[in-house]
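Across the two complexes that follow, subunit A remains constant while its partner is subunit B and subsequently subunit C.
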Partner chain A sequence: MMTTLEQTSSNLSPLERIYAEHRYFIESLNGHNQGKLSHLRLRGIEELQRLGIPTVRHEEWKYTNLYSLLAKQFAHARWVDESVASHIVSQFSQWGTVVPVVNGRLVASTAPGIFSLKEVASSDNQLVQRLGTIAVSEGNAIVAWNTAFLEDGVVVRIDQHSPKDPIIITSVLDTRQGNVMAHERHLVEVAPGGSATVVFVQRTVGDGEALLNQVLECWVGENAQMLILIVQDGTANSHAITTHEIELASNARLQMVTVSIGGGFIRNMPAARLVGEGAHAELYGLTIADGTMLVDHHTVVDHRVPSCTSNELYKAILDGRSMGVFNGKIFVRPNAQRTNAYQANRSIVRSPRATINAKPQLEIFANDVRCTHGCTVGRLDKEAMFYLRSRGLSPAEAEALLLTAFAEEITAQIPIESIRAHVNATIEHLFHADELA
Partner chain B sequence: MSEQIEQVDVLEQLTSEDYQYKYGFESAIEEEIVPPGLNENIIRLISEKKGEPEWMLQWRLQAFRYWQQMKEPHWANVHYPPIDYQAISYYAAPKRSKQPRSMDEVDPELRRIFEKLGIPLHEQEMLAGVAVDAVLDSVSVATTFREKLKSMGIIFCSMSEAIREYPDLVRKYLGTVVPPNDNFFAALNSAVFSDGSFCYVPPGVRCPIELSTYFRINARNTGQFERTLIIADEGSYVSYLEGCTAPMRDENQLHAAVVELIALKDAEIKYSTVQNWYPGDKEGKGGIYNFVTKRGICLGENSKISWTQVETGSAITWKYPSVILKGDNSVGEFYSVAVTNHRQQADTGTKMIHIGRHTRSRIVSKGISAGYSNNSYRGLVRINPQAENARNFSQCDSLLIGDKCGAHTFPYIEVNNPTAIVEHEATTSKIGEDILFYCNQRGIDTETAVALIINGYAREVLSKLPMEFAVEAQKLLAISLEGSVG
Partner chain C sequence: MKAPILEIRNLHARVGDNEILRGVDLVVYPGEVHAIMGPNGSGKSTLAAVLAGREDYEVTDGEVLFDGKNLLELDPEERAREGLFLAFQYPVEIPGVSTATFLKTALNELRKHRGLQPLDAMEFMNLMQQRAALVKIDPAFFTRSVNEGFSGGEKKRNEIFQLAMLEPRLAILDETDSGLDIDALRIVADGVNALRSPDRSFLVITHYQRLLNYIVPDVVHVLYRGRIIKSGTKDLALELEAKGYDWVKEFAEVTA
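Presenting the complex of A and B:
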């Protein structure tokens, strides 16, 4: 069966290929296609069929050509070799509780309170009720695609009594049998007054190309706190499309730091929806790209109720033939009075062939608001360079120092020492490699 | 001080009674209208009526063929019922037997309209220093100051005349900035454009007066398809004013104009607009649909194009005056105040395309939304790979009055060169309670205070307008926002 699909699928269009994969996926469930998940899967594939895969003619995908990525012909990951996870787990174990997800399947977790979506889906776990309500397929082809292949992911509920250890969701994509694509669906609920830290990392095993379609649905209860760290420091064959949708109840607080300093094609779509009064969201992002890397951040901060605040800062350093995209949307819904929203996007272009496309976007329907955005694109300050040069630094050293300082404004927002150190070391290495070259 | 008195006057006017659209009157001039609908025969008819040469007809037909293959764009943040392009009459001209030579020959009814509008078409022209190419519906009926301009070598006439008398110039430049297949509305305009203004300033000449055209839409169910072409030859300077008012009416009217500006080496073009077309009534009934393509090209080195606009009218505004900065060291500017009230919708902004080296652009956009209106800024700053040391600064501010309106910002920034410096900032806020309190405390009532604040807020743009326009624009701002506070 598998071989026939492999043989015929090379001539198919990306969408036809997805349908073929989907049929095969549904068959392979061996009749375990009932209940809530099956219903969602059906809706997902129908919606994907209706929307199609977004092309550059879609406003949201104007600068990011998904078709050129899909030309790599990813196969829906069907095999899982859990043993590949073990040495990767050890890399991150000092950061917190590592939860490895190999090719979209959760490897049996020993940590208490962390469940596999596959296992709890059939039970009447309350959390499963939230599935598909925060990240909805309707109108969103990527979520629809993820939902069509809905199978597994991490389900976790954190309350005041839960261990404070960060949860490290480690996506491992095994490409030793060819290019793979994996769909992950995670559900996180932070109970009122709780405090949670979730870290996302991604690793690719083998020389093939790997594409991760990750969707997170997260609910942060009243007075709860949520910290999300996304460390994208993979190899050039690691590609990712992430959709992280977070709803914040009253007085809840979200801090999200995305560091995209390695990988091939990266598209992040974080969305913070402020649905309770007094909620606060902070989104930070750092992009350091070289070669042909593409990093696309499409952020949404949605002020739905009065008296919420948000702050957003995204920075990028682009070299080689890399491309950075930033689209930051701030919505202020009718009646969301006393909103205070701030957004800034700063980019440095270092090479004549690198590109930045920015679109900070405000859509405001209330009058008692204070919304500001700023966007700058430029190069390193000549005076600062001169200052450092006059103190005996070589041009490369001076540049590396200034760039590190530029990046540090974001990395300083990572409150976990071990992760911050890792990120800073990687960045230093990137700039140092530059210096040597 | 006199300014303050002026503002108080305006405010008295708007507080005293329910303000009705000031320029809402219809004039009963005999018009010649072609049947509604659009096909090749209609285009041939328009071309024939205007006595155009064959190449112009072919150009129009080609544009029509492009248009037939295009779809109406819907990406803008505006909503309106579908337009039936076959229900529109594409040509209306006041009947006349011969070209009037002096004011006496002009229809007295027509003169009365212009007087009502305050257009100085008589001897006052001289005092006002304005040469008016008045466009009533589609055909230019009177053009003044021709002799004086002619002596300096400046050509300022209607487009139809230019096609007849200066075909070489028209052929050389028409459609070079906005090609007929540029977009849906530009294609439509290219196919059916009725008239407009043509201006050519020869090398080294500084046009001594502000050239001006008054547009009026006067016949029911006729779209206005103006075509304006301004060419500033090497080292020349020209300032052009465009202003418009339209009679009140209930049926939506389509307006799809095209304006092309060409600045050669060391030349400068300043283009100012005060747009005050009928915006529809309070319920959003009626009003003009304004789909305009305006674009300038800084073709030569050190050239400069500056757009200034005050947009208060139209039910729907879809307008992006742009500059292509092709020559090295060229400069593009865009200053805009857009006011929307009641059910008006505006989607406006600019495009700055940096191609040449050391090119600079500056964008200042001030949006004011009130009532149930929606006001969007949509702009593009693109730095092409070869545009070394390009510089852009953009500022777009939005002010909201009332909690039922919307203000939106869609700036696109595309940078392909590492030496570029691009800055963009935007703010959205309401009129601060503390500022209002400060004014109230000093005996200024809220409505007056708001007018003061609005004028201060828009000052940066208003100060770029020629003097006579600035006064009108200030009044317009206050009038447009009538009844939206308190």
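Presenting the complex of A and C:
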């Protein structure tokens, strides 16, 4: 099955390879390429052809070289071995309801209100009416790519009666048959007054390289609350491009915490659109990178209507030859009066070969607005280091204490105790490993 | 008589081209309290910082023996572990690090150096409660970030609390009295007096004779332009209070 493609693929350019795989993918659907999904797929591949895969000449991808990643020749994953999921599921089961997605396919829909996109998309289901309307292919190569390969993902519908258990969307990429890429498309809708927690984690099985292209479309209804946690703590062969687009109706609240403390190549593109008055969004991010890890956050907070508030804080600790990128866009549209938006980005660069590229980008088209940002890049505070050492702490202990404090400002925003503890323990381990080195 | 805990001989230190300490000599024996007075900018904090191991200062001449060991070749944390403590003139705020975590790490580090087991959570808590009572610190401070948002006086009191926790052999108090209200001054002085013992010494840097009514020194020194130009009994502090520094500066001119 894979052999025909594998034999010819090695001398294909990344785009040619994607087209070949796309033809193969459509054929493999065996005539099931109909209805809403087929229409979206077609638009996706057409848009991808028009836009191409972004290169470093593209302003938005200046520091993040997708082509060098694609040199790893990821194959669009067509095999699913459900059995690999079970031990991974058990790792996260204490956090909430685990929904495993193996190589892009949901292996079991386990709880009420949680569906497989593949299953519900076949009919003209109300559940999928927003599919392709929040994250759109037009002008966005990554979403177009994801949509061209649209097949499965998790569909969640939450209302006031839904269980409050966090939903742990667990992406498992199985590389035992070679390097893989998986496209996941998730759709979450929180009905007015509802409250939902969705957690994203990623694990790679096998020694190959794994690339996840994950797109979330999320609608948060009036007075509803949405908590999104993204825990990126994988191994160096785990790569991810995430696009999480969330629209907030009036008086809806979003809190999003992204912790990127492990993995290889990570590009996150969260977007919060405040489309109902009185909506509020909080975006937090923590990067801890070493080696050659790359963590790129391109965030968008879009104030489209009056009287919304947003708060954004991204922090990074960079060591080795790692690179951090932060691009924070805040849009305040012409009628979005009485907007209150804040953005801050703080980085600590610990090695001469580590870099941070930070760029706040505030585009304000209304006049009655409070919109501020702050950006700092530095080393650890010398005075604090001396103070701690003068009390008997070794430089390594003093650093670990200061770095932990720096990081915990973000992890403190994780309201779920078991997840916060896991993340803090991982961080402690990272800094402690330093201390022993 | 016992061997000195601290011997400073002809200590010279500078920042860039600015020579700040220009030949300091000072010997402190176990159990003694020495006061160091002197006009602003005379080098008192610099002396304290050089003793604590701050790297901004370059020692160009002289030597310092701490309990017979060459202090100047030790890192700041090694000095602390050997029993040196500096109560900072300007204590540093450390957001996100709780006083309890900080002190537990520090204390266990010192205990390890002394060949003692680390304290468990209960023992540590009990010790904190007991020592906090000594300087009347509210236990609510334990969970707050080190010095963050503390008032000036609270920061100073927190320094003495740390002193009480870490039980050094030589404590240097750099203007711990400035910024304290009358009651707090009393509390801090009582705390220090409670911590006085035959094998613990104090170097008390102050501008005010009043502190020395509470913490009675064995010796009073005047530091001027990087040198100790006069030493005397506690009566010297009274004399300075009455007459100012001009008359002692003449000693500097004579010896310069």
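Operating definition for what follows: the second predicted complex is superposed on the first by the 436 of 437 C-alpha atoms of A that agree within 3 Å, B and C clash if a C-alpha of one lies under 4 Å from a C-alpha of the other, contacts with A are read in each partner's own complex, and residues count from 1 in each chain.
Basically, a residue touches a chain if its C-beta (ideal position, glycine included) is under 8 Å from a C-beta of that chain, and two chains touch if they have at least 3 such contacts.
Computed from a predicted model, the values in this text were never measured in an experiment.
Peer 1: Where does A:L402 make contact in the superposed view: on subunit B (first), on subunit C (second), on both, or on neither?
Peer 2: The second partner, subunit C, only.
Peer 1: Name the chain, either subunit B or subunit C, that contacts more residues of subunit A.
Peer 2: The partner that reaches more residues of subunit A in the superposed model: B.
Peer 1: Scan A:E417 for contacts with subunit B and subunit C and give back first, second, both or neither.
Peer 2: In the superposition, A:E417 contacts neither subunit B nor subunit C.
Peer 1: For A:P360, using the defined touch cut-off, is the partner it touches subunit B, subunit C, both, or neither? Pick first, second, both or neither.
Peer 2: First partner only.
Peer 1: Have a look at where A:C375 lands relative to subunit B and subunit C in the superposition and call it first, second, both or neither.
Peer 2: first
Peer 1: In the superposed arrangement, which partner chain does A:Y387 touch: subunit B (first), subunit C (second), both, or neither?
Peer 2: In the superposition, A:Y387 contacts subunit C only.
Peer 1: Under the stated touch criterion, which partner chain does A:D207 make contact with: subunit B (first), subunit C (second), both, or neither?
Peer 2: In the superposed model, A:D207 contacts neither subunit B nor subunit C.
Peer 1: Could you please specify the touching residues of subunit C with respect to subunit A in the complex?
Peer 2: Subunit C reaches subunit A through residues 52-55, 75-77, 79-81, 85-86, 88, 91-92, 94-97, 101-103, 105-106, 109-110, 113, 145, 162, 166.
Peer 1: Which residues of subunit A touch subunit B in their complex?
Peer 2: Residues in contact with subunit B: 59, 334-335, 337, 347, 349-379.
Peer 1: Mind listing the subunit B positions that touch subunit A in their complex?
Peer 2: On the subunit B side, the touching residues are 75, 383, 385, 398, 400-430.
Peer 1: Along subunit A, where are the residues that touch subunit C in the complex?
Peer 2: 381, 383-384, 386-395, 397, 401-402, 404-406, 408-409
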